[in-house]
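For clarity, chains are labelled A, B and C in written order, and residue numbers in each chain start from 1.
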């Protein structure tokens, strides 16, 4: 335990010293922008300390993140949501008809009733809000999903076949879609012909999952590249070539 | 009372659900106005839905602090960070909370120098773990696993410039893999998931699925 | 030796990955970047919009800090192109944590191109509800966004003064870290109003969007940092995405090498235990 304490203590001192050098040499500006870069770099390194092992410094940075994130999103829901859609039009705008203003109070009431969920005695009142919310969501979903995800996806699957490369691709797509659908159809036992088709579906799924894996690795590495280039270019002021 | 507690919400879900379906098919201006108003109401209620999650989060941390549970100090840090940010929201660069969001100020500063770096760092740590996990578990134990591995390797090489540098065949193979077999499998999954979502939505509208009502006595 | 390789300390892998990212960033070499058809389609659509008079594009920012490393370079490249071609831009956010990033990208690229807020571009801000925001904009853009993010009325901004609905946009691009392209923009927007829609997404989401490209519901897609680098190549302005391709290439090779090593040690270990078992059987 004391070895880790010396290690982390030493790293913190090195971080402070390095920032002193960067500020003193003028590489980082002595203003809120420079201070912001130092804070950002510090939090990044604290969070990366988890790679060594879970430690109090990581947990400290993690909880700063939790609090700040929750509050930032709260701010957006306030400015864009409650203030922008209810308080400003109802109480602060004069060019809106009284009828329209009063109409806005209905969803406001429904939204406020949602919060009764936390009261044991009045929780049943929140059911009205949730019923409206979920009911509207379900109703809006059905026709749009049928149109966009079923009909408009089936049509391009059933294109004419031909003895060309495009025709071969169309055949592979048709076989792939049908076999994957058969694989996910669990009401029929996967034996015989159904089992054979389902096996083909598994191979298509393996290709898709392999492709997803490759893309996921690419995505995660891109995030790391972003952070490292911030540390090198914006914090340490090492110019990176394009 | 049973009517208000159980029956009325189910009737309400049915009515608004059917309206939501019908407005898609009815081009009349009244139906379109109804769709517009439903959307606006839904947006306002969605704003309140966030506060449910926020309340749960803050209660969790407050309980830890009050009961002095292990790690309560970190929960206090979370609360303090939240409070500092809220101060800047309320201040709003001098305009106060009853004004549109200011262009600059402490709120933006904390966002760009605390929130974004923290989120980016948390997600970027995954790069290390995915590499480590790939080394430990990505073994071609079966023909299916070998196919998965091969597809992954082709895509990993094909999507970066070094793949094209090695051979033009690699990016073309990667592109074909994505556009044909991957696309076919994803379409199959999409069709299945969509049909499931449609079925679940119908069950909600007809009152068969009632899990969303939870909370309170019957 | 095989056992040690199979149980390699993960911190060694971490070091290799970090070195694979940091060292290429500090070096100066590059591989040619060849734009794919999906990215080229987005570029060509913007060129097509630019060729019309008073072209207007809606960009939806639906990502947060966790995807900023991939999508912010993409946003910058798109905005650079749009500003250079004098296309008007209206930006909205479906994610609450996208507003600050949208603001930073718009301001940075507008200042670079000398474009003016309100006349050439506007940021409308965030509204909750995802799908219903799109539904609302589809019918009544001003009703959904009566003011911009900073309180100015939509009627007073030149860029939004004539916008009534989504149909008034010549092109819509959603920059998404989640499922907003396929679960919200396509069924609730493009399906009804048939505007040209393209997606800029994280590499994680990219494989899921191919069915929509094949069906024509999306006209193109920019996937991940590699897609952003391809777009920078098309507009002839290398930036962070292009420089990111060096470490991306090197770390991909490193990870492939580790995976190959893992499989070689796995098969060697399996063969060794099969030989050991057969020797024991003979004994």
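In the analysis below, contacts are C-beta pairs under 8 Å (C-beta built on N, C-alpha and C of every residue); 3 or more make two chains touch, one makes a residue touch a chain.
Here the structure is a predicted model, which is why all the values come from computation and not from measurement.
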**Complete:** Note, CA centroid farthest from subunit B's centroid sits on chain C
**Chain occupying the middle, per Cα centroid** = A
**Message:** Can you check which chain pair, A-B or B-C, has more C-beta pairs in contact?
**Reply:** A-B
**Prompt:** How big is the gap, in whole Å, between where the Cα atoms of subunit A centre and where those of subunit C centre?
**Reply:** 13
**Prompt:** Taking each chain's centre as its mean C-alpha position, how far apart are subunit A and subunit B in Å?
**Reply:** 6
**Message:** Quick check: how many Å separate the C-alpha centres of subunit B and subunit C?
**Reply:** 17
**Request:** Could you check subunit C for residues that touch two or more other chains and list them?
**Result:** 14, 17-18, 66-69, 97, 99, 125, 127-128, 132, 135, 147, 149, 203, 206-207, 211, 214, 224, 226, 248, 251-252, 255
**Asked** Residue numbers in subunit B touching 2 or more other chains?
**Response** 38, 40, 42-43, 46-47, 49-50, 100-101, 111-112, 115-120, 122-124, 127-128, 131, 134, 138, 149, 153, 156, 159-160, 178-179, 182-183, 186-187, 190
**subunit A: positions in contact with at least two other chains** = 51, 69, 72-73, 77, 79-81, 84-85, 88, 137, 140-141, 144-145, 149, 153, 173, 208, 211-212, 215-218, 221, 223-224, 226-227
**Message:** With touch defined as at the start, can you tell me which subunit A residues reach subunit C in the complex?
**Reply:** 51-52, 69, 72-73, 76-77, 79-81, 84-85, 88-89, 137, 140-141, 144-145, 147-149, 152-153, 155-156, 173, 208, 211-212, 215-219, 221-229, 232, 238, 240-242
**Message:** With touch defined as at the start, can you tell me which subunit B residues reach subunit C in the complex?
**Reply:** 32, 35-36, 38-40, 42-43, 46-47, 49-50, 99-103, 108, 111-112, 115-120, 122-124, 127-128, 131-132, 134-136, 138-141, 149, 153, 156-157, 159-162, 164-165, 171, 175, 178-179, 182-183, 186-187, 190
**Item:** subunit A-facing residues of subunit B, complex
**Value:** 4-6, 8-10, 12-21, 24-25, 37-38, 40-52, 54-55, 57-58, 71, 74-75, 77-86, 89, 97-98, 100-101, 107, 109-128, 130-131, 134, 138, 144-145, 147-156, 159-160, 177-192, 194-195, 197-198, 200-202, 204-205, 212-213, 215-217
**Message:** Looking at the complex, which residues from subunit C come into contact with subunit A?
**Reply:** 11, 14, 17-18, 21-22, 25-28, 66-70, 96-97, 99, 125-128, 131-132, 135, 146-147, 149, 186-188, 190-191, 202-204, 206-207, 211, 214-217, 223-226, 238-240, 242-244, 247-248, 251-252, 255
**Request:** Sort out for me which residues of subunit C touch subunit B in the complex.
**Result:** 8, 10, 13-14, 16-18, 30-34, 36-37, 64-69, 97, 99-101, 103-104, 125, 127-130, 132-133, 135-136, 139-140, 143-144, 147, 149-151, 203, 206-208, 210-211, 213-214, 224, 226, 229, 245, 248-256, 258-259, 261-263, 266
